[in-house]
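One chain, chain A, appears in both complexes that follow, with chain B as partner in the first and chain C in the second.
== the complex of A and B ==
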């Protein structure tokens, strides 16, 4: 009975929706400006609402960069949202052209971009959280139980300290804990900021992930030198093989040193970018097919599903980056074990 | 207007942006240094302190348990020893009582035996003495009778009278 009634209502409503659909799009003409997910609600937003036309060329640049123009491809819009930008758009309320910095240290352009803003925002959030937790922790003795935010942060710090740092690095892990904890929270907050409306994913930019991976690389190399000395480090490069194989092994080992941070860079960047591209693509299916039904049945549910998945991936990738950093540091500093291996291999050779 | 060509040229996914690298590095370093001093340091030291506290609490609980078990064991031993002691005392008391009883009985029996024996001896002696007395008296009587018989001489009738007198005399003296 109920199924029949539902199907009847659907039979009535579906053609109505379809006709509404076509009317709505007809009213807009051939304008494809609605390709923006938020612009769908506010189709007639004109460049008049541009908030800060900072420089003379700004409106035109902003309009072009922002993608309010006509005849735009969905791919372009997606890329526009994924990529870094000198204009921070708050559609449909307007946009802010981020300030250019004239000073060029080392000849590089250090102008503020969208992702720089997000990095700063993440740093600020992390500083506020960290300092408040630090203050609340300082004020209590070991017999009190932690409360609220301090409890959450403390659990994560303890997890990274024992399960990530201690189990992967082993003895002497203590001095790497601050870096690992900071990198974890930094990536986590960047990932999460990319998931809130008007946010951008700084960790979806390869420059950011590269910088973080370079930190891991530098720390790994310094730790390896400190733990093994120059001789041990060079021995490590030969991987304990016979000298006649060194011509093959040494380049491979050197390349191996660089593939680790490269893998970290690409993994985080690709994961964060891919998730966002999927969400945008799912939403654009509705605009490409110009149908509310597709929007309700496909785009929104699937986008929500991917969004929840992204929420999980935000934590997962922050953890993976931290975990692998700890693993690489552990591999670089685990010298006793390797020395034994080398000695055994030498004994076998002679 | 943004076309794919411009995207590839200007802002590809792999487009290097030194400014962003610069700012990321600076921001991350500042955050790292500040939080290392003011957040992670206190948190980690507090965690270590708590770990130590928990460990010491566990150790203390274990030692207390061991102590309690030792005390319980000692108590059981003491109880068992006290039980054994009590058993021993009771057994010894019983044994002593038995011994005393048997000793007393034996002594009493021996005493009574001795008394009976001495009584028998006395009776025997008295009997023998009485017989001796009787034998002496009979001998005296016989001698006296014979004397009288001899004195009255030859007369049978007289003899008979004498004997009768003597018997009468005896009977009279007996009574």
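== the complex of A and C ==
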């Protein structure tokens, strides 16, 4: 009974508070509007250098036509945070304009961007952690067990070695363990760096994930050639079907080779981007509805929940990328193992 | 007419999520059943489940990426 009573009171009070809040926010919004207008007035100075005057004037007019002082839509703000750019902003403290490289080999812009900085940071973390752990493990005899960070890393490396590489690739998996471990830790650290304040998710950039997938692709193809030889590789493309079906099977198999890295690329990119978009969207609900209550009841708790989920996803996606890479390598080198098994059987028979 | 793009993006996102939800739900159900029948195969089943779920999720995310492109274009 008491629960019912409180819920009824809440049902009465909450809308009231909401309406009060929206009034308060509306007043705030008007103040913000003036700020935004002054910002909008100041803004065209910067873009004028980039855009030609005719097209530069059009957005300003459109903005003025909106009239409500909402210079930036939530979508624009979200995209600004998700996408790569050449300015590293530390919001209340100012920003760093990253150096631009004028040399453009093949017309490709190779200037340093936010995500490039994060990739370097991830590499630096990886180097420091790897070297320190390696040094501490090297100084141990077989009876000691690693402590602290070395213990954590050992558990993860052993997991990748046995549960990912060994169970998916099978015999001859040792060659691929260094690559898999590197990819796992690199993606993991990139993902985690995106979750700390002022960080950016390098793996939320499709160029980074595509590069990682291309590594997997090249290694898979080379491993397939090495394991099966040219003849076996070509036979694999026909999928063991009758020759009259080759005209259908060969293109499908060739496309299949390229679908795998493409799927790896999109999966990691979309997962890391989606999480950030969801967090921003949840925060923007409070701004769109202009209510403190929504901010406290919906935005903050749900954003924290999604943040924790992202923490899990950071590990999961690093694992999934590594696992699928191992799986593809295992599929590509499968022939070799059959032969080895046969050879073993033969040896056992004789 | 401009709003139709947003409508399409919203509906598309919903449909992609329905598909992925059904697929991953099926996998989880089968995995739970399998684990209950054969507890000793738990780790193998878990690995297979994660791979299959990741593949389905990947396809769903293709759809979501297209929807985001539609909505934010």
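Things worth noting here:
FYI, the second predicted complex is superposed on the first by the 262 of 350 C-alpha atoms of A that agree within 3 Å, B and C clash if a C-alpha of one lies under 4 Å from a C-alpha of the other, contacts with A are read in each partner's own complex, and residues count from 1 in each chain.
FYI, a contact is a pair of C-beta atoms (placed from the backbone, for glycine too) under 8 Å apart; a residue touches a chain by one contact, two chains touch by 3 or more.
All figures in this text were calculated on a predicted structure; none of them were measured in a lab.
Residue contacts after overlaying the shared chain place A:311 against neither chain B nor chain C. In the superposed pair of complexes, A:75 makes contact with chain B and with chain C alike. Of the two partner chains, chain C is the only one touched by A:167; chain B is not. Looking at the shared chain after the overlay, A:215 reaches chain B, while chain C stays out of its contact range.
For chain A, the partner with contacts to more residues, out of chain B and chain C, is B. After overlaying the two complexes on the shared chain, residue contacts for A:263 are found with chain C alone; chain B is out of touch. Touch criterion met: A:323 reaches chain C, while chain B stays clear of it.
Of the two partner chains placed by the overlay, only chain B lies in contact with A:109; chain C stays clear of it. Once the two complexes are overlaid on the shared chain, A:119 sits against chain B while remaining clear of chain C. The intersection of chain A residues touching chain B with those touching chain C, taken from the two complexes, comprises 75, 79, 269, 273. The touching residues of chain C, counted against chain A in their complex, run 43, 47, 50-51, 54-55, 57-59, 61-62, 64-65, 68, 71-72. Interface of chain A with chain B (complex): residues 64-65, 67, 69, 71-73, 75-76, 79-80, 82-85, 105, 108-113, 115-116, 119-120, 122-123, 126-127, 130-131, 133-135, 137-138, 140, 142-143, 153-154, 157-158, 161, 174, 177-179, 181-183, 186, 202, 205-208, 210-212, 214-215, 269, 273. Against chain A, the residues of chain B that register as touching in their complex are 1-4, 7, 11, 13-25, 27-28, 30-32, 34-36, 38-44, 46-47, 49-50, 52-53. By the touch criterion stated above, chain A contacts chain C in their complex at residues 75, 78-79, 163, 167, 263, 266-267, 269-271, 273-274, 277, 316, 319-320, 323-324, 327.
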